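Input: structures, listed below.
Same chain, two partners: chain A is paired with chain B first, then with chain C.
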Partner chain A sequence: MSSSESTVALSTDSNNNHQAYLPSELGVWMFVFGDLLIFSVLFASYAWERVQQHSIFLISQNELSQTFGVINTILLLTGSLFVVLALHSARNNKLSQTKKLLLLAIATGVGFFINKVFEYKDKVSDGFTLLTNDFFMFYYMLTGIHLLHVCVGTGALIYLYKRLSCQGISTDNIKHLESGGIIWHMVDLLWIALFPLLYLIK
Partner chain B sequence: MQLQQAHTSSLTKDIIIWFGLVVFTLISFVIGHEQSLSAEYATMAILLVSFIKVRLIIRYFMEVKYAPKALKIAFDLWCLIVCAMLIFILLFSSAI
Partner chain C sequence: MNDSYLRLCSWGGPIFCVLFLIGFIGFADFMPPISPANSAQEVADIYKNDATSIKIGLIFMMIATSFTMPFVSAIITRMKQMQNSSPTLVTTFVIVSAALSCFLFVLICSWAVSSFRADRAPEIIQAFNDFAFILLIWPVSLIPVSYIALGLAILADNKQQPIFPRWFAFLNFWFAVLAYGGCLLIFFHEGPFAWDGLIAFWIPAVAFFGWYIVTSVVLLQSKSPALEK
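Entry: the complex of A and B
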């Protein structure tokens, strides 16, 4: 399917609900769904332990900086918007704009990573490590696995940027961009679920 | 020209969705600090707002809105089950 054809498919479906369009490929969706299922089990384990040790979890949670959490949420959401806009630009055959938007999305990923490193440093210097209690064990484990996802997502965006720089916009590269975008949005939505569980709920 | 207009409106919609997601994030933050709400109501409200955000990302940013029905149902079920499971564990499991 060419870029204009994929645009037609999207527009047709959004306007008339005639034809469904599967962005990316089935394998990518299966990977995303599998990852979401694994995280669901981790969320449930965390929630269960939180109920068993409510006061310890609540006291420990108060040691986290919600400001770091909010900044990271807004960074990832903005990164997601840049990826969406990059895909729109690619479908409209605007290479330079697509590359600029991808660079901005990559910057939000790097920003998230730096912010997280500062947050970890802050916690460790205050004496809160993986071994402090079960809350901090979950905190480092869940945010660590998520940070690994952020690195993979940012790596995928860097790969797409290089690919577009070498080959330009093609049907194949739009499919790749859709796949990279879906992975990136998954990273975003996992954080959207993690943030309230670790930082906000009472 | 029509396609261009469809894209323009879609772009505007994506920016509005992003703005809504940021506003929802700030609402969760405020609820988290609100002392007048009971802990149970605050937790439930924070989780519901978060899963509305998750669904918005899935539908609009991941373009599941345009995908085949099976994918839409799978993701909607995931959102519903995980949100309900977390509310149940956090608020009602201690009574069991």
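Entry: the complex of A and C
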């Protein structure tokens, strides 16, 4: 979503420049695709093990709480929306609105984290740990790695918030906001793949 | 400023990779690694049967490790030349790199202890073998710190002609992510997160050696600020 928006934004401020506009910078995109590559490998090895131990995976999957999963999905998707809106207000030079939206996005990240901690506690108290079986190994590892991404993404948003508070809106900061948005969308995208793989697929 | 020693040291990375891998794969036959699921007797048998080739491999690895130090020095020189370079980031990089070289020596020593008296109690051989493989992968929690320090230093370099290209910073961040895969290896004796698994060993291994190659290329292409006109 953000990339198409950015294209629109740029066509207005660089009419004489026909070069395609790349939101953020090349390195960020390299990082994102590299990260997606690694998650693809993780998903593939999960799928491979699932085929090998289908019944164990199905039984274990039923122990997961879809409520927690759905709440987290909604939190992340809303967070993505807030980041997009924040970028939009930054482009329109509305500082206080940008900061408010960023705070909301940060809140969704923190909410995701808290929700996940409760979910883990729930699972552990039911006796399901990393070592229960291969399904729970993947469950903890995949969601754990993803949670780390959420933490990094939230940290990036907090950094952006502080930067905006100190320096106000500038071309440089919009560029940074785009990078933050891309990272946040990636975290979102990964969850959209993770959620059905772990919680829904039958 | 004279760059010729820096260029020479920049070759340390690829030389380290080639020598280490000749020892690790060619002689010691540690690729794939000795499985953590093996019994003590199975591990002891490996050391007993391949004693000579493992020892030759270890010598290659030990000598290879010495090349990491001049290589890292070349990177540190460039980090210091970056505009806006933070001494804190440079020091972080120095400490982690130094620690890493020590770890490499210690873990190779531990394999050496396993192979030195291969006829002793299998449990002792297994313990030293475990120690070596865990030390080979577990410092992955440490390596990313140096990658991140280097990456942040590159991003802070806001000169017209930066010392290292900006994409290299993000590549470092990516390598950092890849390296974390081995963090939980002590829980597992098999599977993708065990020390011979896809996520804990194969991916971090590619990232680890890949980093030396890419960094070497970037180093060789970099120029001292004083030489720029």
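Heads up, the rule we're going with is that the second predicted complex is superposed on the first by the 183 of 202 C-alpha atoms of A that agree within 3 Å, B and C clash if a C-alpha of one lies under 4 Å from a C-alpha of the other, contacts with A are read in each partner's own complex, and residues count from 1 in each chain.
Just so it is clear, a contact is a pair of C-beta atoms (placed from the backbone, for glycine too) under 8 Å apart; a residue touches a chain by one contact, two chains touch by 3 or more.
Remember, it's a predicted structure, so these values are computed and weren't measured experimentally.
Clash-free side-by-side placement of chain B and chain C is the outcome of superposition onto chain A.
In the superposition on chain A, contact of A:127 is made with neither chain B nor chain C.
Once the two complexes are laid over each other on the shared chain, residue contacts for A:81 go to chain B alone; chain C is not touched. With both complexes superposed, B is the one of chain B and chain C in contact with more chain A residues. Of the two partner chains, chain B is the only one that A:20 touches; chain C does not reach it. Here the smallest spacing between CA atoms of chain B and those of chain C, following superposition, is 16 Å.
Partner chain B is touched in their complex by these residues of chain A: 4, 7-11, 13-15, 20-23, 29, 33, 36-37, 40, 43-44, 47-48, 50-51, 66, 70, 73-74, 77-78, 80-81, 83-85, 88, 91-92, 178, 181-182, 185-186, 188-189, 192-193, 195-197, 199-202. Residues 25-28, 30-31, 34-35, 38, 41-42, 45, 130-131, 134, 137, 141, 145, 148 of chain A are the ones touching chain C in the complex. Chain C contributes residues 166-171, 173-174, 177-178, 180, 184, 187-188, 191-193, 198-199, 203 to its touches with chain A in the complex.
On the chain B side of its complex with chain A, the touching residues are 2-4, 6-7, 10-11, 14-15, 18, 21-22, 25-26, 28-29, 31-32, 39, 42-43, 46-47, 49-51, 53-54, 57-58, 60-63, 65-69, 71, 74-75, 78, 81-82, 85-86, 89-90, 93-94.
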